[in-house]
Structures are given as structure tokens and as C-alpha cells.
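Both of the next two complexes hold chain A, though its partner changes from chain B to chain C.
Right, the complex of A and B next:
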């Protein structure tokens, strides 16, 4: 009740002050031309696009970083967490050093390190590092060929799938025969599928190879260094926390489970995979959710290294241009809240699936 | 530079505070300054060439020299000034609330600031505009050659907008890399992230001195926006506004008439009526403003003419080595033009 009345009071005061200052209000600006450019756009966008479009561009950039970061952080985190419990002294030590270093240095500093150190180390476009003159790495980013499919390219996977299915049918039909007779038609059908699919692709897929023209590379797909630095920085940092969560989860499984598995003759890896991990996940998932949420929210630090995320594009440039701080910050906060709630909901669903099934 | 947000902030603060300092604002600033014994001058927090402190805390720069000139005109002592470093957000509020007597802080004159913030601008100390810095090795000599370039800048300022407008109008492609802080944008440009760096041209000169290899960078001649910088005073004290305005005019007129800190003593004996009026040998313009008739003489003796303060702070006599360009006298193809003293 008190909270509600305080909120009402604050809103009323804000409205009154805004009216007094003659600051424009409302969401009408969403349809106005944004008039500024964004370095990375996953959907078509130009200076003449609306602020609403700019918001969407920023949101997609945030989602991209969050998705890549969560995937990478999970892989690194589980690896390091398991490595910390390795009987190999060196591996366990290295994992411990990783965790202690990464989680004890402020994330913003790590982002600056990744961004500015990486930038400084990379060559200029004219002296790019390249793989087969198709993939280029320089201080403007990573340039890879863009594949464009046209015409009948969709036939390729269909042919392949059909041949694989046919080989299954053949192999069941000839099960009664000898082993050799059994294998030949099968291998032949699959080989035919692969060759014809490759043939179709060769005629229908075009790779647009990036080429150095003027100041930088044109064509192909460009991964900007801001994105690389942000994904690396966020995932290695969050992975340090995930590693500790994984370690705690594994150690939280009763010791008797290890011993029982080993007395059954399971190897160390089998013990981990079949016995320990399924039980450890029940402990791991709830705190892991928090780390995923943290990573998504921390992605807003990308604004410091010029990554055009939601905060940079919308709560930064758009806010400065329109001056409508209240509306823009409210929208931004609601979006982050929604993202977090959605992530949490998905993780809770996963967690409920892992729960002990009581019969 | 960060106009829209700052204005709304400053505007809001002003709207709230405008009633309270009305007495200070509407009062006789000259009398208050004389009674106090020094001028309170709002400057930047450190922009080389305009206003920046050295290790001992002594301020220098063209904006600082405007304050010294004002003190010389009033007290015959250029050092009767106290400087208040102000950030972009504080500056207008500080002036409006009477914390400073004038704002001499690389501030762009715009209609909104003039009509909506209760300020009066008293002239242009420096004609600036947004420009580009590129590497010499890129072989670019004009902004029209920046097609396809990556451009570093500070985000949330009108520079982003100016670049977008300019490139669109000229049908050029570009990618903009916008950093939260000026220092990061400069550092990224220095590391090769961008082909060009953009901000106000005077800022380009100041930032160029901080780059690893100063000589490898050039500043392109085009200006893509108008940024006339000048001192501002509170609205409502016309005499004070006149004093600040004619302090700058006196320095520009002196340069045009060839009167400098070196020759001002001989020039007092000049036959030229224009020079005689400037130096107070004829007429009584100083007294009309509540100063001595030697007010301009005092400015020139202690501080110098416009050409001298430009040269010492921004031009050949400074580390920035900015050409006079648009800031040359109107007689030499520039824009610096002062109404006559008569």
C-alpha cells in the first residue's frame, strides 16, 4: 500500500515536472526517423528508419550477444568446473587459476582488455591474416564468405535424405543375405546421394568472398571486433562462476554414488556422465539460471566498447536525440525484465524436468 | 556538443531555479565584481587551447584569456580572476545561478541556448565546426574521399547526427563506431579501428597531440557543421553584457588596427583617430560602461590583441598549430569582424 502510493506520488511529480520543463512526452517519437547509423544490424536498417526499428536492431544485437555468450560460457564453464576436480594436479591448478583470475577482475576492465588488446594486436585491413584468401581477420573484424543459395539448392538435402532412407530400406530387405551383399547396395545408395547432393550444391550455391576495396573489405559476412570482444569477455567471465557452480554440484553428489559406480566397473568418465552429472544438474541448474541472467544483463556493458546493443542504441543515442528519458528508460527496463523472466521461465522448466521423479 | 539532453537537463534545473537567483541575475554585475575585487569565470575542465590548467593550477587558453582581458579592463590587473571548471551539464546552471559572472567555455551559440536558457552570447571567440582526422597514409585529402570509411566518434552527441546527415547528403557509405567516452574513441582510432575520427575541429587538433604518432595524421579541410564558440552572460544586465562584448571587440579591432601588447605604448601617440579612440585618448566610452577610458589600453597591455591570444593558445605559438582559417580577420578572408569603436 505504502509502496503503491509512493510510486503514484513519484509518477505524478515526474509528470508535473516534465510538463513544467516543456519536455515532449508520449511514445509518438517511435515513428520518427532515427537519423543515425548503427554499425551492426541483423535486420535491414538505415538512417531513415524509425526509432522503433532502431529499438528492434538494438534488441536483436543484445539477444545475439546473450545467446552466443550463454552457449560459450556453458561450454567453458562445464569444462573448467570438471577440470578443477581432475586428479591431474596441473589440470586442476590451471582450472583454479582460471577461475580465481577471471572472477576477481571487474568485467568492464576485462572487456576493455579484450577489446583494446585484441584491436592493438590485429593487423590493418591491407595486411589481414587470411585463410585461403577467403576468410580474413583484421582490426575491422572477421570477414567470412557469405553463402547465397538460389534456384534448386533445396533439392540437395532432399536427395541426400531420400538416399539415406532408401539405404535403410535396402538393408532391412537384404538382412537375410550375406554381409557383403548387405553392405554394397547400402554404401552405393549413400554414395550416390552424397555425390548428387554435392553436384546440386556446386551449381546452386555461390560464395561471396570478401574483397579488399577502398578502406576495408566489402562483401561476405563481417563479425565486428566489438562483438568478438564482448562475447569473449562475457563468456570467459561468466564461465568462471559457472565452473564453481559445476564443481559445487559435482561435489554435492553423495560420495557413495561415486564409489558404487566405480565398484560396478564404470570408468571415471562413465561415472561422471551416467551417475554423477544427472544428479549434479539438479544442484547446478538453479544457480546456473542466475548466471545466464547476469550474462544477459551484463551485455549492456558492451556500450562501453561501442557494441550497438539495446542500451547503446536506444537508451544512449536515441535518448540523447529525443530527450525523452522517462519513456525510453522505462521501455528499456521492461525489455530487460521480460528477457530475464523468459530466461528464468525456460530454466525453471528445464529444472522441473530434471527433478527426481517420485513414483 | 551534447546539446539536446544537456539542454533538457539544464532547462529543467533553470525552470526550477530561475525564481531564486533573480536578484543576483538582475542585479548590477559590475558593481558586485568591483566590490568583490575579482571576476568569477566559468571555464572547461580542461580542453587544450581553450581552457586547461597546468601542473601549478594556472589556467591558459583562449577562453581563459577572455577572462583575463575582462579583468584587465575592469581592474587593470589580468589576474583578478577566479576560474571555475565546469562540466557540460553544470555550465548553464552555474551562470544562471550567479556562481560565475561569465561563461567562457567553448560553448556553441545556438538559438535554443540564447532564447530558452536566459543567456546572452556576446560574440564569437572561435569559429569551429565538426571535422575529420585521418591518417596521412590513407591518401585522403577531402571528406568526399571517405566513402566506405569506418568513423570513430563519441556516442550521444550531435556529431553522430552530423556525420549521418553529411554522408547521406553526399551519397557516401560509411560505418560509425560510437564510443561512450571521447578518450576511448580516440584510442580506438589510434589503434586502427577506424579510418577517421570526428569531433569539433578544434578538438581534433587537441586530440591529435595525444596520439602516438602525431605527424601521421591530418585534419581534413571540410567542416560539416557550424559551431561558433563564444562567451555567455546572464540575460538582464545590459551593461555587463556590453562590457564582455566590447572586451572581445576591442581585441579584434586592435588586431585590425595593428595595435598589440608590444607596441601599445607607442600607439598611444598615434595620429590615427581610430587608434586614439580605441586606446581612450579620445572619447569616453570606458566611462559610459562604468570603466576607465583606458579599458582597452589595459586589455592590450596585459593580454594582447585577438591575433596574439589566438597565436599563443591555438596557433603557431602553441602546440596545437591551428591555422587561422575562418578565424582570420575579415580583411584577410576570415570571419572575425568587430563593429568599430566610435
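Right, the complex of A and C next:
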């Protein structure tokens, strides 16, 4: 009763204030001109585009960071987690130091570190660090050549796939008698595929190399420092947690499984890959899913270093301009909720495929 | 099957410590090609530790072990070479639960011996035939009874074509009615001339197939003799006591 009357009072006050400040309600503003620029747009966007378009740009930027972050965090996390169990004392120590350092410093601080202390502290464009005069790194970001494919470029992957398939056929046809004779035709076919694919690409792919003109670079693809800092910060931080999950998963597999695999002559690496990891994944995947969700949600901290993600563009700039907090925050939260539920659903499906058959 | 080395396994004065506890005290044992040895003794006597040293699941600290001419040191390639030639069957089966029965038996031949898949599969089927469960080939270990699982474990070890088989209490985790089906397979294997080191309390099996019975206590070999002699007139008091305890019922 008391709760209900408090809610009624709050809603009434909010409506009164919104009316007083002449803020419109409803979703009509979606079609209005946004009137602001965004520094990274994966789809065509200009200041005359609508708020709906700005929302889409922000969402795509969030998805880009989440996808890159999840991929990188998984690679680093599995590597460090396996390294922590290495019989090599130094490797195991280094992995432990990585985990304890990265997971015990606030993420926001780490993002500031990567952005202000590392990437913004790089030299000016005129004094760029460069690799072979094609890739440039400076305080404006990373500049890499843009590739344009024309004409027959699509032949390259086709040739490669055909040669790999052919080598499969050869290897199943020839019976293993003398092992080397069995392997050479396969290797030859694959090598031929790689060489001819490379040859086709050499003639059909044009690289547009970035070049310094005036104070900045023209041409090529620019990766903004905000994106780099956010991806590096999110993935190295989340990887520390993933590493611990991977370690727990591996240690959760019965010792007898290692012993059985080793007694059959499997090497340490084969034991991990063929016997231990498939079983450890059952333990790893549920908490790994949580980390993926955390990474996606934590990408909203990119706002603090001005990365134009969903929160920065929509729940930031668009909110400030329109003042329609209720609508904008509701939409933003629903989008994050949907992203998380979709990720969780995909991971749960994967996990159900790993379940063991019993009875 | 005979190789150039004079003995299948030569254990010379090995010692093994777990922290301050000495599990093996300067134990020596020589096993000839084709010889079948049963090792028995009270729990904690070091019998499991001894056979686990033979494929280096445990590292011995003193003495030397030579398996089919290869000395076991910290040299990893020697260890893997020995493990390829020595099969092991565990008390808890330790089948790979994420693989089918057939895949359990083809994994090592394919990845370690580089046998083509089709050949590995037909060989595995022949072995499953031999341990009398070919109809379970496409089931998962969790779907089998304990006795069936242990027979799969034997087939899995045999799939590597080992020269020596180690059995670590293979029937101790089984219900009584399943013990016989596993022992039958082991007897058949022994009859075919496999070199076997078996840790077990199945004295019936020892009488039937063992060339020698080894009795261990407190990390030492107390007595080793052919079964007729071992059971009829054990020499040491400790052996007599042990035999009266396990045969007394």
C-alpha cells in the first residue's frame, strides 16, 4: 500500500517536471535529425541522419567491441589458464602474476591506462611508429592498408578449398604402407593450393597504403585509439578471469584421466587436447558465459574514454540533446538485456552438446 | 614378439618416497618375456606404486628401471617410448567418458601410432570381439556396467599392441558377479603369452596363471615364488599371516 502510493507520487512528480521543462514524451524523436557527429561509424552516418540511425551506429560499435573482446579474451584466457598449470616453474609464475595483476586493478583504471598512458602518449603522426611504411601507429590511432578485391579474387579461396579436399581424398585412398609416400602427395596438393591462391591474390588484390598528408594520414583504414584501448583493456582484464575458470576446469577433470591418457603414450599436449579439454569444457562453459556477458556489459565503460558505443552515443549524447531519459534509458537497457540473453542462449546450447552420455 | 633385450622389465634397487614416507625400499624384480607375475600384499605395502613406476606414472628416486631395453629416466622421449609398449589397466577403469567405446580404443593408435582410422577401427572391433562386447562399440562408457567398462579398458590398452600389460587391482572396484568376466579375459590373455604384472587379491587367478607370486609388505618384497610353493609353504611369518587372513574365509 505504502509502496504503491510512493510509486504513484514519483510518477506524478516526474510527469509534472517533464511537462514543466517542455520535454516531449514518446518515441517520436527517433525520426528527428541527430545533429551530432560520431567518430567511428560502421555504416553510413552523417549529422543529418536520424536518432534511430545514431542508435544503430552505437549498437554496431558496441557489437564490434564485444566480438573482438570476446575473441581476444578467450585466446589470452585459455593460453594463460593452461600456462598456469605448466610444469615449467617460470611459465606458471608469469601466468599467475598476469592473473593477480590484471584482475585486482579496477577495469576503468586499466582503460584509462591503455588510453591515456599508452595510446594517447604515442608520437604525433609526423613521427609515427611504422612497419614497412605500410602500417603506422601514432596518437591518432593505427593506420593499416585497405584491401580492395577485384575481378577474379574469389577464385583464390575456391582453388585452396579444392586442393585441400583433393588431398583428403588422396589420403583416404592410399593405404599406409610406407608412411612418407603416403604423405607427400597430400603435402604437395596443399602446397600447390596455397601457392596458386597466393598467386591469384597477388594479381587481384590492391592495397591502398595510408600516407601522411599535412597533419594526419589519408587513405587506408584507421583504427581509432579509443577502440584499441577498449578492446585491449576489456580483453586482457576479462582474460584474467577466464584463465582462472580454465584452470579450475582442467583441475576438475579426474587425475585418472591424465594417467590413462599418458599410459597409452599420448604426449602431454595430446592428453590436454584430446582427453582433458573436452571434459574440462563442461565445467568451463557456464562461468565462461558469465564472463562473455560481463565483457559485453563492461564495454559501456568505453564512454569514459569517449568510445562511441551504444551508451556513449545514445544514452549519452542523444539523451543530453533530447532530455527523454525514460525512453532512451529503457531502450538502451532492453537492448543490453536482449544481447545478453541471446549470448547466454547460444552458450547454453553449446554446453548442452558437451553433456556426457549416461544410461 | 621377443625383443633383443634379455628381460621384459628389470627393476634394480628402486626407492620411492612420498614426502617423508618411504613407499618402496630398495625393491628389485626381474620379469622375463612372457612371464606372468601376480603381486599381492596388504594395502599400503607399495604394490601399486611398484607397477606404476614401470610406466612412470610414479617417478622412482633411487635405483633403475629398464623396460624392454629402455632405461626410465627423466628423458621424456624414453618415457613416451616405454608407455607405447606398456599397457595399463586401472582399478577405476579410467575410460574416457566423452568418447564412445570404439573411440576409446582407437584414440591412441590413431594419434600415437599414426594408424589410419579405418585400420584402427577394424582392429578395435576385433579386440572388442575378443573381450566379448562388440555390440557395445557405439555406446558411451557411462552406459556400461563396471565389468563391461573394465573389459573395454583392457581392449583399449591392447589396441596399442603392447609388449607388457600392467594391471592395478583390476577387479577391486567390481561387483562379485562381474569379477569373473574380467578374470576370464585376463586368463585368456595370459594363455596367449602376454607378459603381465598383476596387482590383485584374486588368489584363484594367481594359482591358475601366475608363473610367480610376489608378496610385498611395508615397501619391500618379502617373498617371491611359483604359486604351488607360495601357497603350500610360505617361508616368512608375514606371508603366512597375510594368506591366513585372505584365504581364511
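Quick note on the criterion: the second predicted complex is superposed on the first by the 277 of 359 C-alpha atoms of A that agree within 3 Å, B and C clash if a C-alpha of one lies under 4 Å from a C-alpha of the other, contacts with A are read in each partner's own complex, and residues count from 1 in each chain.
The rule we apply is simple: a residue touches a chain if its C-beta (ideal position, glycine included) is under 8 Å from a C-beta of that chain, and two chains touch if they have at least 3 such contacts.
Predicted, not measured: the structure shown is a model, and the values here were computed from it.
Trainee: Taking chain A as the common reference, can chain B and chain C both be placed on it without clashing, or not? Answer clash or fit.
Mentor: Aligned on chain A, chain B and chain C fit with no clash.
Trainee: Regarding the shared-chain residue A:270, is it in contact with chain B (first), chain C (second), both, or neither?
Mentor: After superposing on A, A:270 lies in contact with chain C but is clear of chain B.
Trainee: Should A:260 be classified as contacting the first partner (chain B), the second (chain C), both, or neither?
Mentor: Only chain C is touched by A:260; chain B is not.
Trainee: Which chain, chain B or chain C, is in touch with more residues of chain A?
Mentor: The partner that reaches more residues of chain A in the superposed model: B.
Trainee: By the touch definition at the top of the document, which applies to A:154: first (chain B), second (chain C), both, or neither?
Mentor: A:154 contacts neither chain B nor chain C.
Trainee: Which holds for A:226: it touches chain B only (first), chain C only (second), both, or neither?
Mentor: It touches chain B, and chain C stays clear.
Trainee: Counting only touches as set out at the top, which of chain B and chain C does A:218 meet: first, second, both, neither?
Mentor: first
Trainee: Counting only touches as set out at the top, which of chain B and chain C does A:321 meet: first, second, both, neither?
Mentor: first
Trainee: So in the superposed three-chain picture, is A:350 touching just chain B, just chain C, both, or none of them (first/second/both/neither)?
Mentor: In the superposition, A:350 touches no partner, neither chain B nor chain C.
Trainee: Look at A:279 in the shared chain and tell me whether it touches chain B only, chain C only, both, or neither; answer first, second, both or neither.
Mentor: The answer is second: A:279 touches chain C but not chain B.
Trainee: Least CA distance chain B-chain C after superposition, rounded to whole Å?
Mentor: 50
Trainee: Once bound in the complex, which stretches of chain C touch chain A?
Mentor: Of all residues in chain C, those touching chain A are 55, 57, 80, 83-84, 86-88, 90, 92, 94-98, 107-108, 111-112, 114-116, 119, 139-140, 142-143, 153, 156-157, 160.
Trainee: Can you tell me which positions in chain B touch chain A when the two form their complex?
Mentor: The touching residues are 2, 4-5, 7-8, 11-12, 15, 138, 147-150, 155-157, 160-161, 163-165, 168, 174-181, 184-185, 187-188, 191-193, 195.
Trainee: Over in the complex, which chain A residues touch chain C? Could you list them?
Mentor: 175-176, 179, 254, 256-257, 259-267, 270, 274-275, 278-279, 354, 356-359
Trainee: Where on chain A does chain B make contact in their complex?
Mentor: Residue list for chain A touching chain B: 17, 20-23, 35-39, 47, 116, 119-120, 122, 124, 139-140, 213-216, 218, 225-226, 303-306, 308, 312, 316-317, 319-323, 325.
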